[in-house]
Amino acid sequence: MAAMVYKGAMQLKKVAELIHARLIGNGDVEIEQVCSIESASAGDLIFVEDKDNLPRALKSSASAVLVGDFGAADSSKPLLVCAQPRLAFARAARHLAPTSDHRYAIHPSAIVHPSARLAKEVQVDERVVIGEGVQIGSGSSIGAGSVIGAKVIIGNDCELHPNVTIYPGTRLGNRVVIQAGAVLGSDGFGYVRDKETGHYEKFPQIGRLEIEDDVEIGANSTIDRGALDVTRIGRGTKIDNLVHVGHNVQIGEDVVIAAQTGLSGSAVVQNNVVIGGQVGIADHVRIEEGAILGAQSGIPSNKIIRGKGIVFWGTPARPIREYLKELAVLARLAKRG
Amino acid sequence: MAAMVYKGAMQLKKVAELIHARLIGNGDVEIEQVCSIESASAGDLIFVEDKDNLPRALKSSASAVLVGDFGAADSSKPLLVCAQPRLAFARAARHLAPTSDHRYAIHPSAIVHPSARLAKEVQVDERVVIGEGVQIGSGSSIGAGSVIGAKVIIGNDCELHPNVTIYPGTRLGNRVVIQAGAVLGSDGFGYVRDKETGHYEKFPQIGRLEIEDDVEIGANSTIDRGALDVTRIGRGTKIDNLVHVGHNVQIGEDVVIAAQTGLSGSAVVQNNVVIGGQVGIADHVRIEEGAILGAQSGIPSNKIIRGKGIVFWGTPARPIREYLKELAVLARLAKRG
Amino acid sequence: MAAMVYKGAMQLKKVAELIHARLIGNGDVEIEQVCSIESASAGDLIFVEDKDNLPRALKSSASAVLVGDFGAADSSKPLLVCAQPRLAFARAARHLAPTSDHRYAIHPSAIVHPSARLAKEVQVDERVVIGEGVQIGSGSSIGAGSVIGAKVIIGNDCELHPNVTIYPGTRLGNRVVIQAGAVLGSDGFGYVRDKETGHYEKFPQIGRLEIEDDVEIGANSTIDRGALDVTRIGRGTKIDNLVHVGHNVQIGEDVVIAAQTGLSGSAVVQNNVVIGGQVGIADHVRIEEGAILGAQSGIPSNKIIRGKGIVFWGTPARPIREYLKELAVLARLAKRG
């Protein structure tokens, strides 16, 4: 497991250039890292989204403050002004934050099948197992103890943390991040009950899992491969810890799924959907473009949820306005009752 | 990690024989694999449960179709006719689907305690750790990176996927399948609060976990051993991903438990129960023979759920008919209100 | 993975001394282990909390019974009398129960970075990976296949079970127990959406995770480190399996969190809170001192839950008395309706 290394200080004017921010004040200040307002000390860059927090930020020991368009002409500290300060801060962090010290080497304790094709700049950590016919693209790293099944294809600049398991045949795009302990491509939960014996027999789970570019999967999440066809996670989708995605699920692009949510077999989630934590989505549900599902809500089998920007809540999920009205009516009756 | 290998083509009449199906049409057609209707091409066997889907199946490029008793006298493709087409398809798949290329070898990187007794035909993959006094039966395979604690007993023809952890003393029957990352036999969640200090102290968690024949456990699920006695998972029970089973739980035979469901300590689930996803079962609950628990429902401590074939839903769970009536009344009141 | 070893028999009077119990009857009886009433045989110590269970205990084959202050003058078996019998039983178990046979050795298959500082009495099991600059205190053990990231600090007498992953920079106090497969210090779920492209970009997740003394974390649970600052789990807190703790969460002392509960980013849980299974706590929630959250309840963003010893239930969580009243009113209306 690689150590985290600091990249060394950078002048504020260089940061401004890298994130396309407008500089106010002394650009020669040295910035070492990003930080929260609460913990900031000299060398730190902090950010403020809301003008009301600016005085607190200026009182901190940080060396510079990244602010929104509201600016601050007479600031006691140098400022970086941006239209989207949180976004700019995240980008500045990428240039400043400590990163894994990848040395693009294959640790001698790793077991790499001779037929595997690894690009030159691939980091394979301690005790990794890489199966037959695996392909891994340039700039990718595989965390200690991970097991990469036969014929898995991993694109460029992916980062797999330790103890990840990837089942045979799974395909990952570029810049995919997998947190520790996640399982990708496991057998789906499909059985057929024999009417004569009452016993369950396994339905074939021989499909594939495909994960597109820029996806992140949280720690100990599990994504099943398709039964006969493909489970797909679309470009830019972010999945939190302990999420379950069943076989044949189709998730679109730029979808956000918070922790402990579960998607049953053959569910479809279209682009730009936002799903809270502990949501339950039953089989063959369709969540259409841009809908928002509140935490713990539940969508029964075969339902369609439609409404860009509309929040749904409860089990069975309904528009939040209706749900809140129901809760209010019920509370009123109980008080009377 | 073993590669997946195709078993090679088989004549349709041979498939018919293996799954006891009635053949209509040309039995010399070569079948390579099972497939979905959507993706079928030459060499594929597909299936149809519902007569309405038959025209679509016949229009596909599949080489043969497995159908129900409704048959189809004038079919453009050879047919296999069965009473339970989905079941027959699952069985055909077992003869045709690619399977792990087990070579019944112990990988040199595995660490096997000298006192462990492994049958001759056991596959132990890369980096597996097998503890003192472990017994593993013929035909079983242990996935890369798995850790098998001391005195664990594993029966015949079991399949453990990578990175599984089994605590000491756990017993598995025959044909048990464990998906990647599952933890079997972990310490239960039992503490005693010292009334004087207010601190929690650990109650002994020194019992055992027993898993009977033909059980399947999903990826990253966790099954605690008994505190003093035994946690038991009965024959033929199927457990999905990220399920939690607490200490002392007793699960009967042919039970189905969907993803992310949790069973607290000492819960009892009798035979043939079906439990949806994200269901919460509190401690000392008893779910009696054949009851069905809808997704996300919750059963409070010490409750008994009784009713073969009856669906329960909500928290606290009640017969679904009641629950739906309540939801309808509430929605009506809110609209008025 | 170390084998479990029995510590050998101990005279009952010795047990009485160790747990400060009053002995009634023959103190020379040899005790081998603790046991449940149901499974007890000669050599076993059992316990009874409720006087009504005493006759059953006395009829068992156990060699001695640990009882509450209610005592039993004319007992057929020797007794140990204690104010808190369950607690005393737990403590007796610690002296009697089988424990891992730690030999304080570093297994030759472990990979320990030369810069790591391990106390003399540290047990490092098979295939463990220990990164740069790690410190591990005396009496701690690291289970097979675990990966300990750079600069992690682990105190004394900690027990890590197999296949645990700890991200760089995480700090554990003394006597911390981590069940198998848990992930400590993973990246939090924080992204910024670019208003122009609609794509999510990662907010820096470069903070730390600190776990204080006497904490236990369940199997396959995931605890994220802080985004910029620290996620903290307070002294004596016990966390069950498959629990998710998001970035920046602050959990106090002696908190109990049952399985599959999730805490979103920046939630605060004060001392002595009890949280049931599958509870969902949204971001920036504060659960104040001593509150009790019923299983599956949900706390929406930014809410404060206040009330020492008060049980809250439902989503959104409300005092259980209110919630039960609402359920009763609704059931009545539905029956009429």
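The chains carry the letters A, B and C, assigned in the order they are written, with residues numbered from 1 in each.
As a convention for this text, a contact is a pair of C-beta atoms (placed from the backbone, for glycine too) under 8 Å apart; a residue touches a chain by one contact, two chains touch by 3 or more.
For clarity, every value in this text was computed on a predicted model and none was experimentally measured.
K.L.:
Look at both sides of the chain B and chain C contact and report whether the same residue positions are involved, with over half shared, or different ones.
P.N.:
different
K.L.:
Give me the superposition rotation angle from chain A to chain B, based on Cα atoms, as a multiple of 5 degrees.
P.N.:
Answer in degrees: 120, to the nearest 5.
K.L.:
Go ahead and note the Å separation of the Cα centroids belonging to chain B and chain C.
P.N.:
Roughly 28 Å separates the two chain centres.
K.L.:
When you check chain B against every other chain, which residues touch at least two of them?
P.N.:
127, 145, 163, 181, 220, 242, 260, 278, 296, 330, 333 - these are the residues of chain B that touch more than one other chain.
K.L.:
Could you list, by residue number, the parts of chain C that touch chain A in their complex?
P.N.:
Where chain C meets chain A, its residues are 111, 127, 129, 131-133, 145, 147-151, 163, 165, 167-169, 181, 183, 186-187, 189, 191-195, 198-204, 206, 220-222, 224, 227-229, 242, 244, 246, 260, 262, 264, 278, 280, 282, 296, 298, 300, 315-316, 322, 325-326, 328-330, 333.
K.L.:
In the complex formed with chain A, which residues of chain B make contact?
P.N.:
Answer in residue numbers: 1-4, 33-36, 38-39, 83-84, 86-87, 89-91, 93-94, 97-98, 109, 125-127, 143-145, 161-163, 177, 179-181, 214, 216, 218-220, 236, 238, 240-242, 254, 256, 258-260, 272, 276-278, 295-296, 314, 327, 330-331, 333-334, 337.
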